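Chain lettering (A, B, C, D and E) follows the sequence in which the chains are written, and residue indices restart at 1 in each chain.
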């Protein structure tokens, strides 16, 4: 696999190569080179399977991290590609032309993070949230509790427990509240 | 009486004068030209009158000697007749050519010489003189052709010269050897001394002569040059060639007929009839109008030649009238019609068939054109029809069935390309190129009028004048003349006329005929109410309808098979025209016509065979004991085509569905019953001992039940409303055929009861469809939906009629089913009964689909504003509903008369006990069933009505849904491809094998024609080679 | 007994629908249907209680607990309870656990399409107060703000036994004539609608799904 | 005189050969005239009876004997007519040839095939 | 005359009442039996009655239009009508119903009356599933009518009558006179057709609750559904009585009627609980296959 990484390094500006497991490597690639790298992997290196496409909100760095997980069934090997994009204007090139189902992930990202993928099919349609009007809910600056309290009708008198402690106190009351 | 010899003096003298003095004559030239032509026209007339009065044939001897030294001319009745006609054509042609001759002096001169030559060919009795006259006509024709002087013209003329030159060489050699053998040139003497024509020299001489004649007659395959002439020369000239020259040449051949040995004679017959068939076949591929006319001309002459050889030589026909009617009639028919067509072609600028569509702008010309086509196709009321009838009768009488078959095939092919042409004219894009001149129109109109007149004479000769037979045409023409009456008034007039005719007709009819009269007249008058709905003049529609309906009456009153067949063909043609009016593409109408004509030809064959066996055309005896199977097959086959039985049904859906919406009920409900009438008549007239026992009835029954089944099966897969109804009609008529085939009292009662029922419900359905289509502007059912709220009255009508159709009690449909199954079981046709039952359940499918797709389900947004169907459509529907309700409640009022009528023919097995109908197997009380059904319906209904206060009326999208609400009505309405599973399970049964088969037949016909016509390479030398080959072939065939 | 209906506007605005679709939906208000009085109503209630057809519509994770009800082990059929595939014919809808906004829309549709009298059985703590999703951006906290609930069954998830117990309680309510959720809904229709519309932003359906 | 008849036939066949094989229409016309000549020979030959003279009335001939002295006059008459007709036809053909040549600038008969089928 | 008419109608009402009660009980019984087969207790025997009461006790109803309203009425009229045209008990005046007004053909065609009305009602509801189910139901119906029709024809040959009373009286006089023994092929063909008619599994794709909620009655509820359920009992029993009359010697008293109809019904119940579902085209092919051949053979054997 190191050979693969070497080959990739020859052509792409690859950073932060981390070997997660024996069959899983993560690497980071600049936004500009991401799609060409994925295309290369798909066409030349037989990474025929897009396992998922997700995002991470690095609000402190003002970045979104996109994770493309590709899988090579021949070697049973997965490759995670991290792409850092701007958080203020989150736009990324769509890869729905490589895998049709990528458009579904992209719709989800659009809805949940507000990352736009111009040209992706039905990108502007509702995915799960019908008629969502607030900021995308999976961004870290979205306060879900406040939203919930504001929007729904919280039943008063609700008590929250730490499940672990609570169950322990219920099941082993003799041990007392603490430990 | 003027001596005919003057013809040969005055014409050349006038020609000479005009030629030499043309600078001085100026305007007088035209005067002289026409005076001379008038003279030549006048000359034979006193002779004709004289001879018709019984005068003797006159001989004119030139130079005072008797033959063989001198030349003699003969003017007998045939000559006088033909000369009159040809000279008349000469005048008309001259009139037409007037503008063509303007500026040239040679034209009229050559024309006069040409006319003289034609007269000479007709009159001369001298072989060499015949040659001379032939050359005279040829040379004048060569010159006439060059007058317009285009390069096509010249090359065509050159080919003509080559062929004609070879012909004259052959003629000359033949003549001289005949002279050598017989010592005379006089035809009569030669014929009398025919025993001298022996040995190789004799037969070769005859073959040469014959070949020359065949070339001159333009028979297959030595006619490539003739086609070019027809194509290239000026239409006026072509008309004269087709009409005059060919006729004269035919007469020359006719004169020489007794000369041939029997084997040669049959070769002539063969060549003639083959020419007829093959030319018509090759005509299929033609796209140029003039060339097509050329093909047709040659074919007609071929028919004449073949028939003359067949009728006069091998099997001499007794009765001059018949020969007159066949040969004379055919000749006149061809001469006038073809000349007329060529003349019309001169008016039209374009070459192709479709460029004639400009005629649409001139209805009178179009009318003439249609008349001429019909005349050529042998359809009534033109001379061709009587000829066709007589040909069939005569050939059958002489057992020439093979030839008869070929001739019928040719007729059918001819009808195909002519009516395809007509359809093309009616339906292709309107062109503009036409030049109309009075001088051109006059001969055209005169010719057509003449044809009518002659047809009338022939009608008189043949069947005795029967005013009734003419009445429909007269009335229709009369109404046609009243052009500016608005459509509604015309519709009203039509209804009145139909009812009047019915009023006068009814007392004359009895029994069965009366029942059919009730089907034909009041019910079609009822359907006519729907026609009031359409605005505008609708020229032609009502006229044709009157023609159809009144002819239906004539069908019932006809006593001879000729009268029957006449009315039958009138109905066919009128229906074709009316379908053509309505359809968007002409091929549906053409398909109808072709199949109907084929059916009519089968009927004709059946009648003629019957005539051959019994010697009578009286409708009352059909065939004798040993011929009945053939007659049965022919007649039943013919009528089955009309009913649209499976295998020959492909014309039906298109014709029923594509025609105008208010004609569909008439054609499907009423006109389909003509086939039933025919079948019933056949079964009745064949004689009980045969018809009741023949195994063929079983086959007929199977055809009927298969039609019922497949009709229903086809219907359920239709997306088009009218196509579905059309296939449904096919299926329902299949039941009637099945019931008829039973040949039992119960069966026939069932058949007529079914027939009445079918008229009622199919009338309603088609009328309702018409109303819906008018409002919606679409015929696709899946585009409709939810119309129950917009058109409740139509919905109710359709509901009632589909209940009646599917045979669900308590409505009248069940009665018909009950009668049918009882009859089937009584006759022990068990498997048929099972299949019929299956078919009726399948019918249930399309019934539901019909009402669901249109009226139930989701209403479409674009049809929210539609209104209830027009009142004019609803009135007849509700009258019919009242009738259905009446006969559902009291079935006896209709079953009883039918059963009584049928009891005249077959002992009754149906009995009554009060209102209960008893058959040998079961019983049925329509009245009580109706009451009980009403009762059990009312009780829950009242129960439900009590809850009505707690009900909320909701809108169309208030249906059960949770996940996604309906998007739009178009996607929520389930209607398209409504029975996909049926398609999967039984779809293989509806593979259009029959359509494919007929398409292949058509394809092969065209392919063969395409291959065959390659012999006409356009090279004059090839044509010369053809002649050589033909001579050799005749030599081999003659077996010398 | 309940508010007079004449004062309310008879027609609903159906403002959520585009203009060209309004004609496709009924715009009548739901009305209060008064029960009969006396023995007759008792008899009818008995029948209603003994023939409970539940809408077979799994709205949440709790739907998995409904399946065992029909098996041989629990056999709710013996209480006259049967699943029914269409809301038109059902008399009880079971809210099977946590309820997102998206699901709520479907629940409202299904509930409104059922016929009076109709009952609601809510399963699990999520329906009561949001349960473990109490702070989720997309899970509503209490279902009774949107449709009238007859019985809550607590638990995460309640076992089939608990559900049967709930059904028994429901039966008692029905028999005693207290399960008038449908009329409650009609009476407080505007309140319920306002609550529903507050969270369902793309209200692309009629105000009352008949 | 049988030779004359054979010659006639030979001419006819020769003419036919020319008509059927030559492409130049002038040659075809010539072929046609050759056939004509052949036929004339045949006709004359048929009427010829050995030992008789031409059917021309001279002084001193008795009408009754005419048929014994003369050859059959009819073929001769026919030949005369046929020659005239043949001449006319030939003339016409040549006219055609000229005018076709004017239009098409070719005498090859294969080129005259705009009309076919 | 009047008295006679009143008597006949009164008898018909009695007959109808008895058969309705029996029919509903039979449904309950079958549910019970199915439950026992599953190892459950199952609903009480009278559950169908409660269901009907409950459905009629619904306070609100909606209607989509006239035909929607009339659909269930048509349906139950079809059911009642079919039953009333069949003589239920041989020799009984009360249970002779209106069989004097028509023969077997009438009954066979009256089957369609209810189907048509129901189909129309379902159609007007505008629900796509209703239309799909109707399409399936009608298609399946056409198929199973074929073996049934053949079987009836075979009977008509055998007994030379189409009168049901006539067929029943011809079977009197011992168990071996029953059609099931004298004409087994026809019986088998018809019984297979009965499976389709009863729309039990494997021929229940029409209802297919999991796929197209419940088929034609998707939109029907409250009192409509009450009517439909009542009809289900009556129509079901009408078919059973017909089959009993045609193939199993009829009944001379109510007890025999109950026993025989129950046994016939059990056949389709047993088949129903033990077979999975056919797709529509499969069931069409099935009915047009072996059962039809059996029917044809039955006809041929009778004709010989």
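Simple rule for what comes next: contacts are C-beta pairs under 8 Å (C-beta built on N, C-alpha and C of every residue); 3 or more make two chains touch, one makes a residue touch a chain.
Please read all numbers here as calculations on a predicted model, not as lab measurements.
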Practice item. Give the fewest steps needed to get from chain D to chain E, where each step moves from one chain to a chain it touches. Key: 2
**Study point:** B-E or A-C - the one linked by more C-beta pairs in contact
**Key:** B-E
**Study point:** Reference chain A; chain at largest CA-centroid distance
**Key:** D
Practice item. Specify the chain most distant from chain E by Cα centroid. Key: D
**Study point:** Rounded Å distance between chain A and chain B, as computed from the means of their C-alpha atoms
**Key:** 79
Study note, to complete from the structure: Note: chain E sits from chain B at a C-alpha centroid distance in Å of 54
Practice item. Would you kindly tell me how far, in whole Å, the mean C-alpha position of chain D lies from that of chain B? Key: 50
Exercise for review: Could you tell me the distance, in whole angstrom, between the mean C-alpha positions of chain C and chain E?
Suggested key: 36
Practice item. Could you tell me which residues belong to chain B and also touch two or more other chains? Key: 950, 952-954, 956-958, 960
Revision key, fill the gap. Chains touch in the following pairs A-C, B-C, B-D, B-E, C-E
Exercise for review: Over in the complex, which chain A residues touch chain C? Could you list them?
Suggested key: 126, 128-134, 137, 142, 144-145, 147-148, 151-155, 158, 160
Point to revise | chain E residues touching chain C - in the complex, by the definition given at the top | key: 31, 35, 38-44, 47, 50-51, 53-55, 57-62, 209-210, 213-214, 217-222, 225
Practice item. Please give the residue numbers of chain C that touch chain A in the complex, ascending. Key: 101-102, 105, 128-130, 134-142, 145, 195, 198-203
Exercise for review: Name, in rising order, each residue of chain C that touches chain B in their complex.
Suggested key: 20-21, 23-26, 28, 33, 57, 86-88, 106, 109-110, 113, 204-206, 209-210
**Study point:** In the complex, chain B residues that touch chain D
**Key:** 68-69, 128, 132, 135, 138-139, 142-143, 146, 149-152, 154-159, 161-162, 165-166, 168-169, 172-173, 175-177, 179-180, 185, 224, 227-228, 231-232, 285, 1013-1014, 1016-1021, 1024-1025, 1028
